[in-house]
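Going in written order, the chains are labelled A, B, C, D and E, and every chain counts its residues from 1.
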Amino acid sequence: MIVRPRPNWLRMLFVWRGSIILRILPQLMVVTAISIIVVIFHGELLHWKVTLTTVPFSLVGVALAIFLGFRNSASYDRYWEARKLWGKLLVDSRGFTRQLISSNVPDALPLARAVAAFVHGTRHHLRRTDATAEMQRLLPPEVLPMLADRRVPPMQILAWLAARVAALRAQGRIDSVQAVELDRSLGGLNEAFGGCERIAFTPLPFTYSVILHRTVYLYCLMLPFGLLDAIGFMTPLMVAFVAYTFFAIEALSDEIEDPFGVEPNDLPLLALSSGIEASVLELLGERDLPPVVEPVDHLLS
Amino acid sequence: MIVRPRPNWLRMLFVWRGSIILRILPQLMVVTAISIIVVIFHGELLHWKVTLTTVPFSLVGVALAIFLGFRNSASYDRYWEARKLWGKLLVDSRGFTRQLISSNVPDALPLARAVAAFVHGTRHHLRRTDATAEMQRLLPPEVLPMLADRRVPPMQILAWLAARVAALRAQGRIDSVQAVELDRSLGGLNEAFGGCERIAFTPLPFTYSVILHRTVYLYCLMLPFGLLDAIGFMTPLMVAFVAYTFFAIEALSDEIEDPFGVEPNDLPLLALSSGIEASVLELLGERDLPPVVEPVDHLLS
Amino acid sequence: MIVRPRPNWLRMLFVWRGSIILRILPQLMVVTAISIIVVIFHGELLHWKVTLTTVPFSLVGVALAIFLGFRNSASYDRYWEARKLWGKLLVDSRGFTRQLISSNVPDALPLARAVAAFVHGTRHHLRRTDATAEMQRLLPPEVLPMLADRRVPPMQILAWLAARVAALRAQGRIDSVQAVELDRSLGGLNEAFGGCERIAFTPLPFTYSVILHRTVYLYCLMLPFGLLDAIGFMTPLMVAFVAYTFFAIEALSDEIEDPFGVEPNDLPLLALSSGIEASVLELLGERDLPPVVEPVDHLLS
Amino acid sequence: MIVRPRPNWLRMLFVWRGSIILRILPQLMVVTAISIIVVIFHGELLHWKVTLTTVPFSLVGVALAIFLGFRNSASYDRYWEARKLWGKLLVDSRGFTRQLISSNVPDALPLARAVAAFVHGTRHHLRRTDATAEMQRLLPPEVLPMLADRRVPPMQILAWLAARVAALRAQGRIDSVQAVELDRSLGGLNEAFGGCERIAFTPLPFTYSVILHRTVYLYCLMLPFGLLDAIGFMTPLMVAFVAYTFFAIEALSDEIEDPFGVEPNDLPLLALSSGIEASVLELLGERDLPPVVEPVDHLLS
Amino acid sequence: MIVRPRPNWLRMLFVWRGSIILRILPQLMVVTAISIIVVIFHGELLHWKVTLTTVPFSLVGVALAIFLGFRNSASYDRYWEARKLWGKLLVDSRGFTRQLISSNVPDALPLARAVAAFVHGTRHHLRRTDATAEMQRLLPPEVLPMLADRRVPPMQILAWLAARVAALRAQGRIDSVQAVELDRSLGGLNEAFGGCERIAFTPLPFTYSVILHRTVYLYCLMLPFGLLDAIGFMTPLMVAFVAYTFFAIEALSDEIEDPFGVEPNDLPLLALSSGIEASVLELLGERDLPPVVEPVDHLLS
């Protein structure tokens, strides 16, 4: 996630970090180069004058903008739903911990640490990275073997927590009503986890990307022929302008469509999961918290 | 579902699998052929010059794009809601299994296997395929007769699970609070199942498809007459471009409108239900899991 | 609801049933007739040449399409929410029945039949038809007097069910926790019923219909004057095309805005309520189910 | 709320009640008058020819329509959410009453009447009218002093109901589980009340109204200069047409943005709250119900 | 939040407070100045005639309006969700207090005051201001040390309330069912708090702002060259009009994107949290309430 105060309107025009320009530079240069060639050859292709005007482009342009707008909204909805699910992880982690207090559960700290381990494990599961270090740091040693070679390790942590709840009830420390309530918070974590898996492993239908990508690029590649007779040597500038708008929106849609990645506009899962760990520990009165993750060069990872 | 890493911007223009081109090729060729004929005859129909310009097309074009955008959004919402419902099936299957642990239910495995059978049964019910093999593999033999000749077999599995919960309470293994909580997870499965039925058996109002189909095709069939005087021999190219955009969006909307089918962009119900089976078994500590369903030629079924 | 497999792209252009053409034929013919008259008189009205061009029409056209798109989305949202509420009726009917099993309630069949009566009663209440026959078929005789001359008869069935739940608890057949859980399913039915009433008795603000209707019709009535100088004798064809698109979308929006009616695209309440009755009875093991309601001439009522 | 059967397409063009024309007549006449003056002076302002064409208007027109469409959707969402909240008031009022039955609460009528008083009180609170008469009619005399000089009187009724629930439990008439369930229905009423306050006391950001109002009016005031050269003496007619569309949508958005008012398209709170009162009393078997509120001149208040 | 009755249509055109004009004045003047220079030099840049027409601007204009409309909707959704979360804080604060009554909790006032402190603390946490004064006023002295040097002080208040609930149950004043129900209201407060944190600390992806800002400003800076040949000396006026519309929508989107700030259109957190404090105290029968926060110069803070 890019974290920076919004510069004023003038400096905003020249911001480098956060513009997506690096990602679309090659194709932008190709399109602009073609425009320049078209201007030089007066729109002739092998001595045939290409008789395009802007008319068909304005016909297609509206449809293109609407469909691109749809894809962009769908991607953003995925991004924001992902953020909501991580908000739910935070809320239910705190909720479980608070219930440990209101149910007077003795020895609550290991349980809260296991919840933090679950959250870190979710991050590693979504990013397909190795969770071992954090699992060893946060979980009791006897839990670690349960996680080995599992397809969905965080689920094992929930299973262990559920078994702990069952044990507390068997010992008479809590009654059924309280056990069920604690289990519901685990259910909330389960739900958020399932939602994250859904977004991570079911992309937007691939055919959308193909159709829109093709339409956008064909549009921009043919546009110079259409503009040439109307605006002459200004063609490359305007084509670059149109292409920048369309390419940038398409590239950004593509980036946030998979919000658990590590691209600049993706969600800062590391900061979020460390924050959750700190928050549940603080709730139990701990003062020795993991440090706050700070942005590096405006980027929070 | 099409599963593939996104190729770079250039190769994306030539992707075959995942483009919907095969489905719309005939009509695309018809429209292009008509354009060529129009160019050859200079827009004359039986010696009458058809006096169309682009003006009426730009009037209709915007409306068309907006209505097509609506239909596309409505289809995608159905697709994504369907995916959410299968996410709910996963979450509540895991939830029920976790509650078996936190309620200390003895002999939990057959119950979890019955939940997996319910999920497979849902898939077969939605795709109207034969569920017998999987029912025999996962359910206790005494349950199978309950499913025979039923209109909605998966509901019988839920009824059997509810009866098992009642028996556990009658035996004093769980109390009312826990029984109700287990029953609520069955309620969640029931809800997801009902939602899937709703999407599968209530299509988008048929009249939408008719109106939009007609408008799109009439538009593209008349467009060559309108473009001819403006762009001459480029007409077939631009008509094909416009028609590709509109036909492809319409065809894709039609495909994902019914997301439980077996077309390339439909949901991978087989992979999803196998994943749920593996997940609930793993949660109970099982290590002998069904294999992961892998995509074949980028297609996950 | 129109139920039919989607024909191929060519036959789809000539489908009769499901096109809304019958409903908009008169106004379409009026508009086309005016266009023809305008062409014959060369756009002169009592020897005054009407100096319209397409320019103002393209200004208004976009706004019109956007507002019509809004009204269409709002109508469709009502339609789909109505369908969801009937899905909720199904889910909660099944849910109540399943809880009868998991709570080990003796003599469950009359209760399930009363739920089916509630659902049929909801249909009759929404369509303002006579429910007597089905009430007599499904309810115990002593309940019928409670329904006589009531403003909202289905609510009386819920009240009777609630009283039955209270009696079961008074008899010690179920405890408070189970009674509350059964009552919650009744609460779900209550909620779905209230939602249906909301949609049925609060239409879209009437002024929307007036404004859009006027703008659409004025637009189409003036359009021939605007197109005449640009496309000459093709004017009636294009005006009919534009008018078809706008009138059809407006008429369809109007039809599905009130989804509980009996027009072709409305919800098949009869099929839905019979399906719910069958489903709750089947859940209790009954094999003597009401027959499946089949579409007649592609129409499910 | 305007309640009337939809007239046929022709009569719909001449409906008076429900068109918003009265509200926008002055500004419509101003704009049309300016158009006529512009036509008479051939677009000259103090001997300077104003050199406007339609080009900039088509640039702005699309943006204007999109932003106006946004404001319209946001207003309608407020309207429909408000209607849903009143639906929730109905559902939870009936739900509380049904729970009184299923929990076998003795002497339920005063409690149900207090719920009806809460609903009427909500209406008066939202419309800032005097609730005394209805409070005296529906509440036990000892409750009335609790409401005097309160900022939020309906909350006091909920507090009294909560105290009644506590008393019932203290007397052993209901147990904790049932008390909590009754309290949850009160919680539902509380939630609906809070939602209504939110909509009533937080308008759409005022700056939206200002920006859109200005853009719409400037657009329509300058439009005659832009259209004059293209369509001559038809200018006033087309300007009036464009202005009618934009002004009417803006005025309607403004009207339904605050759905608890007493303008024609606002919600019929009086009818709704009387309906809720009748419904809860009927549920308890009462036959002496308040009369149904009927529309006067197509207006339900 | 700007609070004022809507002026009539004419005065609305000249409202100063609430127009966002102050914020966009500099850039509006720059763009207008450039337009005037372009008119004076007849569109020549260093003796080169810039050959732009309006054609490319109408191509880009639609896309621009659609993307700006998306960003505007996304910002407004954040604003309205934030308002809903504060509504939830109100509802759950009242709900917790009502449950204190219905559960017959003795000595309820300090608990209700702690809830009010939680709400004020949330405001200070979101606006990063100092909460000490209000914490001292509302919390029992023994709680204050728990809040010192905490990253998320309001969470400590919830933890203290949870501990109070545990103590009440340990003393036998409430049973488990009631304790769980009280804890759930704390859970609701927790959820609303987490939602507010999500909106406050996760802005809209920064790249959206960059792309749209650039496109809008480049568009307006190049527009004079495009309009010059069509509308001559009216160019500066129309450019200013277009720029006002786009800049104002962009600036307002930017302002409400972060709805917890202190800009004119942000949420009135001070008034809201004082209102919640008054409401929970009133519910317990208190008559000594904090004064109502009144708008100053139409601004509610």
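Just so it is clear, contacts are C-beta pairs under 8 Å (C-beta built on N, C-alpha and C of every residue); 3 or more make two chains touch, one makes a residue touch a chain.
In this text the structure is predicted, and so the values were computed from the model without any measurement.
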Neighbouring chains common to subunit B and subunit D, by label: C
Angle (degrees, nearest 5) of the CA superposition of subunit C onto subunit D: 70
Cα-centroid distance, subunit A relative to subunit C, in whole angstrom: 38
Geometric centre distance via CA averages, subunit E-subunit A, whole Å: 23
Overlap residues in subunit B, where contacts from two or more other chains coincide: 58, 62, 64, 66, 69, 177
Chain order around the ring, beginning at subunit C and proceeding next to subunit D: C, D, E, A, B
Of subunit D, residues touching subunit C in the complex: 1-4, 6, 9-10, 12-13, 15, 18-20, 54, 57-58, 61-62, 64-66, 68-69, 72-73, 76, 79, 83-84, 87-88, 90-91, 94-95, 98-99, 101-104, 175, 177-178, 181, 227, 230-234, 238, 241-242, 244-246, 248-249, 252, 255-256, 264-265, 267, 278-279, 282-285, 289, 292
Footprint of subunit E on subunit D - complex, ascending: 26-27, 50-53, 55-56, 58-60, 62-64, 66-67, 69-70, 74, 146, 149-152, 155-156, 158-159, 162-163, 165-166, 169-170, 176-177, 179-180, 182-184, 186-187, 190-191, 194-195, 197-198, 202-203, 205-211, 213-215, 217-218, 222, 254
